[in-house]
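Scroll down for the structure; my scribbles are underneath it.
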């Protein structure tokens, strides 16, 4: 978020005062983390409110209308406060350390991914040269937290949910990564800013230079996998309210539940941000500020996710596996193969 | 098969077991002795083809010191209904179960056992079904007594008697 | 192979169709009634709180304490006692325990003198204690005309006020 | 036996031992048991191996209450049996009493009973469709179905003054005639409702996830259906064209033209599709009823104190959930001597342990949903 030169000057200042080198770095880290947490909380609250309103209007009702006056905009804040104040219940026969750690692991995993999201030119915490790889690696940590929650709760429903989640995450990581490989082949870099800048031009002079234009199949596969990764309908079998009574977090209450909730919405934002970066041209767009474009595109994708959730029924476990291994994976491979061939054929000329 | 024909068939086969037999509202109503209820039911199901057990219900005839199990049997293929009653003594209410013939009898018989205390031999799983397992007594018997059960004051109420609620 | 691809396409297309209809609904009007601010208009026949109707001229209760309603009540929630003989017989006290009431309207139907009504439109009966729902003669005393089964429409004569007689049995809002 | 084979067998034994099957308690408080039903499921991973239902959490001994009430007074209690189809329960009970006491009811009352009963069937199927959508994870369908059901409830409220527990039928007819303009309202509702069905189809029937979830799941073979005396859409879903409205007509159903949809396979999809089509058929019946309804009284002159002649009767009607039977034994007094309700969902539910084994937990929810139980009626 701050240019490298300014940071060096900041560190040099502290060094001149004779303060150990760790202190300014910690201060910067803390600052960044609190900004990210602030952003996650605000965006998650907004998303929750937004989801409730959208679902309500899809179902011919109003949704929250009371708290805060205009269309219940403060409902999420009120709910968050309520969850903060609620009693934190830990079942007696739960595995206490695991039970307590689980939400933190889930949240930490989704928190860490925010580091490489390019909100705008320069608006990125750390522009790693392996940005995409980093995100994919970190976001699969979520499932560890979910399994911990399922195991630690000492509840059969939670265990079933956790096992389902593990199976789901393992299966959907594969087509997800392979679908991303197609665009990455075109770009030739794993760095987030490189990916966005690659999409600056136009295709054939009229279409925007977004990768979705040349990689629509990859986008669809990625988006499907992303919905599955975030455990949302139609792939919400780990929580499956009507079967497993909300699965792995059935025993959680109060703040710990809120953290799970927050992490879910934070994860949603991350996967949509990646989709925006890789397929929808990131911050690229005319007139408006880059970060506005980025948020607009991301929120449009989030809207589609919410819209999907309130349209579709839940799939079954075996169907979920079927979709992952027999539909998405072959298609992703086909897409990757065709893209690779084209790159191979066209690159000497271009 | 008309009700008269049904009656004739059953009577010709099980002359000894039948106590009364009549046709009412187009239904064959047969009262039998309880000791061969299973054979009669099997005859009705397999040979007469009435394979649909609508309802199985117990009745407590305290005045006669008897319990009754009423089978309402019909068929999805032919018209005609059979009301089959099997009477057992009240102090020893035991019958053969008809679960081997009709799966539906399972829960109906459990219900009759639960609420009337009629026991069905050969029943695969004769437990209480509606009441808790540790309930004492059979509530639908006419002589059932329970301090929680308040009889409805129908005949004996007089205007102004027993004002239960207090005024606000 | 062809079947496989067609199946995928069918799935994709059916999901798009479903999404199209939910999107259309996103922009339709909500049917919810925001209760404390807006109130639904109840039909005339809505069964609500009991009321003991009065003769509009003499302002006296029509009830003669004949005990018919108390006898028919399946929940046994009506209790009353009368005083006086013959035509002058009137209830001494009259208690309905609304905690038990099943809203079957049998007491109203059985009343030979048209003396009790449930078509009052008073449906906000909540209270903080169960005794709030035990009504005595004072709380049930009608303050004007209330429709009953025998006189379902409007008060005889314009002078009487009709506190709760919303018009016609309309089927409520649509769409 | 070679050493390797012996070893393999040991491994096999050990795995079957250690592959523990897990007993999971589904209910009494579970979002998909539609009330307080407790199912004990033996799970092998995700697959259900065995199912033991436990009932009675809502038991209030309806039959004992009935034995202590006069015939008229039982009517409000019948509402509380199947509270999603109260009108039909009223009708079934009143019809049993009328048959027992040999009362014939006026023509207008007959027509109104059919109109109201079929509207009730639509309402009941709507709520079933909605909650079934909820079981499968589709919340939107639930809300849409509720919206249309609310309109039917509005109609019923205009008639009886109540939204759920109507107590509207009486022995000998109806409590009241319908208010002015009500029949036109019904017509307007039908005009609004028919296009909505195709919207539900878009969201559910045509949707591939919906189809894949319920096709080929929870198969109930016709012989099992008969053995377990299943009725209503459960029986018709198993391919048996049996509907009491046609096969043992009561009221004036023999004057109406309607089809009886059946499903060939006996899976959840067939039960769903049967109910979905029955809504259309009910619309058809209501339309015919609206055309033919005569004016006149709605309540036959009956005695204030009803006494039934000594005898008994098993009377049955086709409620939205199946064969709703009333077995009444009369001893000549004002109260029934014995009063038994043959609840359709009680009987249909008894076939659940046959249908569940071999399917997954997610299917268990769908299968249970397809039985369309109302626990108040199951437990009585």
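Each chain gets a letter, A, B, C and D, in the order it is written, and its residues are counted from 1.
In this section, a contact is a pair of C-beta atoms (placed from the backbone, for glycine too) under 8 Å apart; a residue touches a chain by one contact, two chains touch by 3 or more.
Since the structure is predicted, the reported quantities are computational estimates derived from the model, not experimental observations.
With centres defined by CA atoms alone, the chain at the far end from chain A is B. Between the chains C-D lie more C-beta contact pairs than between any other two chains. The chain closest to the protein's centre is D, with centres computed as averages of CA atoms. Centroid to centroid, with C-alpha atoms defining each point, chain C and chain D lie 27 Å apart. The centroid of the Cα atoms in chain B and the matching centroid in chain D are 24 Å apart. Centre-to-centre spacing of chain A and chain B amounts to 63 Å, using the average Cα coordinate of each chain. With each centre defined as the average position of its C-alpha atoms, the distance from chain A to chain D rounds to 44 Å.
Shared interface positions of chain B, defined as residues touching 2 or more other chains, are 152, 154. Residues of chain C in contact with at least two other chains: 15, 18, 22, 25, 31. In chain D, the residues that touch at least two other chains are 69-70, 140, 144, 147, 203, 207, 209. For chain B in complex with chain D, the touching residues are 24-25, 27, 51-55, 57, 59-60, 70, 72, 76, 81, 83, 102-104, 106-108, 115, 128-132, 139-140, 149, 151-152, 154. Contact residues of chain C toward chain A in the complex are 8, 12, 15, 18-19, 22-23, 25-32, 34.
Chain A makes touch with chain D in their complex at residues 55, 58-61, 156-157, 160, 164, 233-234, 236-237, 240-245, 310-319. Those residues of chain D lying in contact with chain B across their complex are 55-56, 59, 61, 63-64, 67-70, 99, 224, 226-229, 235, 240, 242, 247, 311-314, 316, 323, 325, 327, 329, 334-335, 337-338, 340, 342, 346-347, 350-351, 354, 379-380.
Here chain A touches chain C in the complex through residues 54, 56-62, 65, 220, 307-308, 310-312, 327, 331, going by the rule given at the top.
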